[in-house]
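Here chain A shows up in two complexes: once beside chain B, once beside chain C.
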Partner chain A sequence: MPANLRPRPTACTEQPAAALGPEGPFPRVRLRKVLERRWLHYAFLSRDHELGMVANVAWLGPGLEAEDAPPRCTSILLVHKRGEGWCASQFNTQTSTPLWSAFQQPHNLHTPEPLTLTSTSASPAVELQLSRSSRPCTSQSAWFAPDQHLRWQSETGVIARGRWTFKDQTFDNVEAIGYHERVRGYWGWPELGGWVFGFANDPGGASDQPPPTAFVFTLIQPRGPGDTATGSVMVWRNGRLRRHFPRRCVTFAVRGQLQRDKVQQVPALSNLFGVPPMEPIPQQLMISARMGDDWVTYDYHCDAAARVVIPSETSLRPFSVHEVIGPVHVEGCISGEHFTFDTYGIVEFAGGADDC
Partner chain B sequence: MTADTAAELLKATVDELSRRAPAVIAAAADQLRGIILGLHFGDGSRSELRADHSRLVVTGPNGETPHVEVYFDDRAMNLLFDLERKPIDQVWAQRLDVRGYREQVLAVWRTFQVLSQRGSGLRAVQGLWRSYRDRNPQRWGRPAELPADTRSRNPQRTRNTGWHALDYLDNRYAEDIAKASSTVGGAVYTDARSLWDGYQSKPWWQFADVADTDLMETMQACKDRVSQEFQRIVPDREPRAELYDLMREYPAREGKGLRPTLTIATCCALGGRDEDAVRAAAAVELFHNGFLVHDDIADESTHRRNEPTLHEAHGIGLAVNTGDAMNLLAVDAVLSNLPTLGLARTLGLIHEIMHMCRETVEGQAIELGWIRHLTVPKTDQDYFTMSTKKTGWYTCISPCRLGAICAGETDPGKLDLFTEAFRLIGIAFQIQDDVLNLLGDEVLYGKEPLGDLFEGKRTVMMIHLFREVAPKRRQRLLDIIRLSRTEKRFEDAEEILAAMHQVGSIEYAVKVADRLAHEGVRRFEEDLAFIPENEAKALLRQIANYVTTRPL
Partner chain C sequence: MTSKEQAKELPLEDLALLAGLQRGNDWLRAVLCTLARRGLGFRQQHPARAEQLLAALSRYPYFKAGQFLFDLMEWEDFMLDGEVPPLAPTTLDGPALQRMAGLLNTFRAHLDGAEPMVVPEVDTLLPLFVPEDEDLPALEPSLYLYHEVVLGILCSVRPLLQVQTPPDGKGPSPTD
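This part shows the complex of A and B:
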């Protein structure tokens, strides 16, 4: 059967809880090695840009010593209110089951399904109804060590409606739009090096329709070998991926440093462990991409950041993922159609485990 | 500050850098060591440049034969200060004539590399050069004709990827750079840099260079921030005129802002945030001001920071009470860290503050004992011990250690690494202060001239004087310093000063301070190598070098 055709539903695919897509880039086999990982990632911004949310659920292989053991699961939820900064759960957020994913098959567009993430202390928490409005990109892969790799697949334009709970405030009927991603691979944090990743959705358009334009980018910066760094920029128009700019066609530049006062370290427990400092994150990120007559620019200013400290299995220094919210201006031309929009976007600057 | 001639511009540049970026001057002086450079500018002005320890000294020609001489034509100032083009590209058409041995010429060249490259990063210095260039464009020289692609990119790549993100940041946002202001927590605006140009990746977390910070601007920013905290801490209630207004007014008098800068910069250097260190910095300032009020009473000083001391203006009773209240509120300021820094760090701060106060009162007791018992210590070491206790801990050592604790560094081994470097720097700073009291301008120094001699303060100069002076004269000088402050006449103080000049006590003290400062800078680099290079550490380095390059 050609790879681009979806198989007919079988007994196996009718149990979406166990399914994370077709075998291949994201095989439906259990994690075995200790550095084997699987992630589901969610990021949303409310349409008025007042609220933001990032969540990550990660499974890590049990290792050879305990082959029969289930994979270890960690999950974290971060919520952001403009002007008040981020607040986060520990790495033990309680999640609804089955966990929502756009990559579970079958999964129709415009069909709300629940996603609940709750900190053990009850806040922060989100109770959302998620519905897809767009289609995913093809999966991408980065190889950066003899046996280490990372695969990911993104879907933008995910619509979220529901309740967001902060420490002392609850917001009902929040409408947000965001991004979903699945990741699978085998890597150690020092070898991975770091990444810069982010997205932006055009806030225009009807609330139940896909954003007129969506922008997603990735830059993976491994420690080595030399030519393994890779990046891409993808542009969706009206829910469909219209252009994928490969790594030779994109450039990334940064300027300035975000003041440390604007960076909060999470989860709170990490503050007890004397975590070494991380370099300041850039204040401005500029991306340009051009392929033939198509081009796009992404001009992002960091506003507030949360440094998520992730213990590294193979190095003394932790891996840090900075979740950043800030205003962005996107402009471009795809197939002769010009577009431009201003909105808020979420960017991740991750790295820092490779110094020891 | 404006400069009309090229020689004035050079002097103004060195003066400005000495104040704002001492580390740059120290690095430049290190290259020029032992060489006298004669500069003959095209406008007819002349200068001589030499290194004196870690200072750069610019003078007019004084008869000595320079080791290296440079003759400029009348359009060539940009050779010294412009970075638009490599000087090798400009040394043509007899615009520049250099005479000297090759090694020395290269040393001169490296000196100006440091001055121009690192100095050009400071807005105050840029302003100085821009002002000269605008008024004397013909003397500055022609603007460099830059190649179209200044970053030497491969044209093939440019065609493939369209224009670069880096060009966008450089060109579209160029005007932002001039408007930007730097802060302690991050020299917020840095040059744009590429992370990925389609072929080469440079990790976002690796910064090529840490820029030099403008020390004056940053110290002022830190001082202002702590002053705001002061206003918050001091209650707005009665009795205002007799207490709270005095508490607000006294710390607001002109000061350098050294202690707040050390606390905040150390916190940031270790990965902490500015705001985490502000309350601790305010507490140190409150303790410091409380001590000063009491110290002025004990020393019978009349002036502090260019104004009458508190007891002169409001009487001893109110002054003592205000000093007590400042110490009390300082404890409150430390405790107010509890909700933000947590119990462990706050306890660490309290422990450190207690240590600082104990050292200070012990040092004060030693000094007052010398005066009370009419003795002059025999060795410099006695002075070093007293000085470290009385001023070293609260001026240099504790502010750093407190900043480190605010950042979460409570390991005593790590905290002790700050002690030796800043102990040496603190003593050198105090000796320089004592020298300035004898030689400095009252307006600049802020205290009454020769005040230390009226007080009979046992300084390194005084100790050296009594060690070196002939026995006959020693008795006469002892009789003078045993007089109380009110009994001493101005002629008495001048007699001691003359004796110090005679036996070389002041030159001796300057040398001792230089030696200690250099040792302090060396220990700074060695002991604090564990702190990653960042803009806050660069600021600490500027402060360490400030002592070595301070004009005396």
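This part shows the complex of A and C:
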């Protein structure tokens, strides 16, 4: 059983339980084709902005010829310490089972449950108790290529408390706030093209409450057919998704390039494999969304980046996901209610498998 | 009181309610999966035609709204989760199409006073999907199931459209 799938709890009565839908983050169906994918994504920033982490646990179909083989699993953990850079595992981070997910049902708010991720070299590592404080956005999908697709669902305001290990330093009782996401679908990296994705949680407010405001954006840029690029901006207020700005209401702009010595390539083994040069990362990302009288802006400055090199199953060039941490200013107005906050955010600039 | 104790004390009326929801759920899942399997069967037999149809429909407001609803309800996960449901061969069969056509006609008459309140005649002896359903392909996680469901609906309503001739008489003939 894949680690993400929680065994059904022992029935506490003799009466059969009603199963009215999937209990976990993914449907109970076996992955078969190589490009059938799932992953659970975690990203957190400590409230003092000193520490940040990104983790991804992914499953891939074993291939039709593999018959009953289990899905292939890769897991990576990156921890960032301000001023000291990134520390990353290989693609074999050890994970606690079952993996925490806000998309387990039922799943109560403010109920801590564990998530432990440990590099096989013991660093980086996190031992966290995670609590959801908010509600997820609507499940969304992008279709392209023309028979490939990606489905995702995001949840902001996830509270993480626990121990972080960065190189030889250990930090206890760190409180962080972040983001969780489930993704599934069927795609090749060249066809997917690229994406820009990111979030920010207002760090203000009580630690046992959802962030007063949270911001998530997505821009997916498949190479075809036609106009299949999609994107959106979502704004949560006090744990509830309040506005979903569709693609036609959102503009993205970038300026400058991040200095290349601020980008670290991970996992470390990728440096041995003649990986092609990376794409430049913008210095600044500006997103604005407006729908009627509601508007929001996200003014983000890239500060430090890790380039995660992901082998592509169907192209020679790898797919690169640049995990970027930097300060952000968020401002907006929804239903006449003005809000503004400054914090650090995590942004991903991804692509490159289809470049010639 | 713990949640386990509460669960032990669920009264019979609650269990009956959940069982009723479960039956409705199972039925809906069987209907959706039947439509998707019809659509997949059609796509496998006519891949270019299926792509053309989906490309044309992608601008149709009802298609866009349907996709939003499909995502909102998380129906793809719902359809794939667990054991494969049995086929529901009476999904959008002749009698169902007749009732559906009547419903849509009534709605149109309520929206537009010039439209008559008539139930269109549908030949309920039109070829149904029962024989073809037996050989329908299985669903896979690689499929974008909204498209398969839409194709399945198109396949199912096609017999109805073939016998409906517009007032100008220029509609497609049953043999098109």
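Here is the rule we use: the second predicted complex is superposed on the first by the 330 of 356 C-alpha atoms of A that agree within 3 Å, B and C clash if a C-alpha of one lies under 4 Å from a C-alpha of the other, contacts with A are read in each partner's own complex, and residues count from 1 in each chain.
By definition in this document, contacts are C-beta pairs under 8 Å (C-beta built on N, C-alpha and C of every residue); 3 or more make two chains touch, one makes a residue touch a chain.
Source: prediction; values computed, not measured.
In the superposition on chain A, A:L219 makes contact with chain B only, while chain C stays out of contact range. Contacts of A:S141 after superposition: chain C is touched, whereas chain B is not reached.
Touch counts on chain A: comparing chain C and chain B, the chain ahead is B.
When the two structures are aligned on the shared chain, A:R151 is found in touch with chain C, with no touch to chain B.
Overlap of the chain B and chain C interfaces on chain A: none, as no residue is touched by both.
Interface residues of chain C, counted against chain A in their complex, comprise 4, 7-8, 10, 15, 18-19, 21-22, 25, 51, 67, 71-72, 74, 76-82, 140-144, 146-147.
The touching residues of chain A, when paired with chain C in their complex, are 12-13, 15, 18-22, 26-33, 35-36, 61, 138-141, 143, 146-149, 151, 184, 186. Within the complex formed with chain A, the residues of chain B that make contact are 160-166, 168-169, 173, 180, 183, 185-201, 203-207, 268, 270-275, 342, 407-409, 532, 534-535. For chain A in complex with chain B, the touching residues are 193-194, 196, 219, 221, 229, 231, 247-261, 263, 271, 274-284, 286-290, 295, 297, 299, 349, 351-352.
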